[in-house]
Amino acid sequence: MNIIAKWYYRLGAPNWFYPLTGKMLPWIAVIFLALLIPGLYMGLFTAPADYQQGDSFRIMYVHVPAAWMSMFIYFAMAVAAVVALVWRVRMAEIMIISSAPIGASFALIALITGSLWGKPMWGAWWVWDARLTSELILLFIYLGIFALYNAIENKQTAGRAMSILTLVGVVNLPIIHYSVVWWNTLHQAATVSKFDTPSIHIDMLIPLLLMAAAFQFLYLWILLLKMRANLLEQDLHCGWVKKIIWDRRKAHNGGN
Amino acid sequence: MQEFFAMGGYGSYVWSAFGISFLIILINLVQPALQHRQAIRDADDFHHQEK
Amino acid sequence: MSSLWSLIRRDLLLAYRRRGEVGNALIFFGLVVLLFPIGIGASETLLAQIAPGLIWIAALLATLMSLDSLFKEDYQDGTLEQWTLSPHSLVAFVWARLISHWLITALPLVAVAPVLALTLNLPADAIGVLLLSLLLGTPVLMFVGAIGVALTTGLQKSSLLLPLLVLPFYIPVLIFGASAVEVSASGWSAAGQLYILAGLFVLGLTLAPFAVASALKVSVSQ
Amino acid sequence: MHYQAKQLSCKRGRKTLFSELSFELQAGQLLLIEGHNGAGKTSLLKLLTGLRMPEAGEILWQSRSIHDAHNDFRSKLSWLGHQNPLKDEQSALENLHTLSSFRPRNSISLTDALQEVKLGHAKHAQVKTFSAGMKRRLSLASLLVANTQLWILDEPQAALDKDGVALYESLAKQHLENDGMIVMTSHHPLNLPADRVQRLALGV
């Protein structure tokens, strides 16, 4: 079995996945902070203020990465859904249910920061802008996926039902987005789209890329935390959890 | 230092935006940790009886 | 393989023998439309302005309400299991069931819509486009909604889950349906919107049954 | 023709219903699955029919997995669950016609099948007016009109009176004699030739 298949197979086994990700967590957290701190520093302080929006444009440094992440996480979930449905990999289903709340949180961040960014410029907390509206719909799709999984007791069927819904969602997302964009142009005076990042100056771009990379590792960090918790919760009665408990107890007893 | 917080008059918007965002992120980090600790405790109880 | 038509005929026969239930979606449609003038006030100009969106939203909600009974009975009495285990493809069963359900519940909605449109003072020349947009749109609502129904059929408690799962996917149909009527009400041609609706129609009718079939297989394995 | 299960295991929620369950069934044999309620009988039947995938193990028909795409398992299987797949507003004949459309047909006509299960007189009556025993017999009639080899039945004698049970036993005997196979769950004692019956206890 070549190396990729071996990895792929072992990654699917909880008793291998749980300890391995346990070791990876600290490193991911460190990389996240290493990207976040400079990104925040440059975004808030050194990047020049925008000639039009002044300093309120700095909200972009959390709004835009969050919006990108909410889309990225959904497509990652869609890939996991294909894996879960075609090869019946349970770990992929755990990844989807663990990613859904994270995606919803990023969508919520994008919505809140979007309205905070819009308030000083147009005086309204909520603007039916194409991007904000499709972000709101994406939030509802995330909540739907989460609600479906929790409504079904048998986790095996819940995982498959959720994977199907995720795939149906990924087919619909582009359609929803473009119909909302079209609907927006119909109902609003044709102004430049409000959320296009302004013609970006290089010192403005670097913090944005840093923040985007930081959010990627943040997602990975929360995802692994969530997956380990869900896995442990679901496999409470399994042998591999018993082994982990006994190892912890041995280490604990050995300690004192 | 004072004008730094003012953020050119938009201070309340910028800081509340960053504040709320990191609050949501914090919740997303704390919740799985609590869930994990609770799962460990449940597993401990379950596997304890079967000494 | 019993042909598609014999399946549809059986469903229609069954619906005919249960005439009582069939009118529910229709009554709901009329009621929702009735609520708006009462709630928003019956000034002609205002009503005429919101009429297109209002009729479409009422039709959308009525279709959604009628979807609950799509597979529930077959799931409970075991017919769905018989279908899943038969050598015939489940997609054919889904096709037949959705067509017959559309004929039973959605077609009456489309027939009644012009009358309601007149009560809302919709300009007469928009009625034609209203009918066409509903004829193209309600099947998509039904086929896409059926995916949500199939996913939640296995649940004992009929919760509010179905609208939460399905409404986001109704948005494109609502956008183009309502604007087709609105544009034609103010005299312009609604060809663009209707073509897109036709596109959604074809997409829905060809892809959705496969998703419905695999969702039913999941619900049956509960 | 043989039907085999190897090291099946199935979980409901966190409880393991059964594991390492295996059996082998030849033509002309009956597998009787016994066990108290909640022991997982119906879950096992869902695995055996292929409605649900087992956590571990596999089920073979003609030594090929029943989930194999090009496997004729489903055209050789008749399934009857706990409920009767009947529509109250249809007559007995209409219901039987629908049920017969699910499986490849054999030469027995619908009316003969109804006579065989002693429902000939109620051919055009709506199932709404039927008693539970009559509904069960109507569902059993669907087995007679299908050209299938393997019957998987979940408590076939449920709601049947003494004559009904005797009727079912004769149908089963007849099916086994012409090389049919039956997998069934039951609470009632069953008088069928012992050499043809294999027993499997669950949740013991």
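The chains carry the letters A, B, C and D, assigned in the order they are written, with residues numbered from 1 in each.
Rule of thumb we're sticking to: a contact is a pair of C-beta atoms (placed from the backbone, for glycine too) under 8 Å apart; a residue touches a chain by one contact, two chains touch by 3 or more.
No experiment lies behind these values; they were computed from the predicted model shown.
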Selected pair, greater C-beta contact count between A-D and A-B: A-B
Mean-CA-position distance for chain B and chain A (Å): 15
Centroid distance [mean C-alpha coordinates] between chain C and chain B, Å: 43
Inter-chain centre distance, chain B versus chain D - centres from mean C-alpha coordinates, in Å: 54
Mean-CA-position distance for chain D and chain A (Å): 48
Junction residues of chain B, two or more chains touched: none
Of all residues in chain C, the ones touching two or more other chains: 221
Where chain A touches two or more other chains at once, by residue number: 154, 236-237
Each pair of chains that touches, named by its two labels: A-B, A-C, A-D, C-D
Contact set on chain A toward chain D in their complex: 88, 153-156, 236-237
Touch list for chain D against partner chain A, complex: 12-14, 16, 53
List of chain C residues in touch with chain D within their complex: 2, 6, 10, 13-14, 17-18, 76-79, 81-88, 220-221
Residue ranges of chain A in contact with chain B within the complex: 44-45, 49, 54-56, 58-59, 62-63, 66, 101-102, 105, 108-109, 112-113, 116-117, 119-120, 218, 221-222, 225-226, 228-230, 232-233, 236-237, 241-242, 244-246, 248-249
List of chain B residues in touch with chain A within their complex: 4, 7-11, 13-14, 16-18, 20-21, 24-25, 27-29, 32-33, 35-36, 39-40, 42-44, 46-47, 50
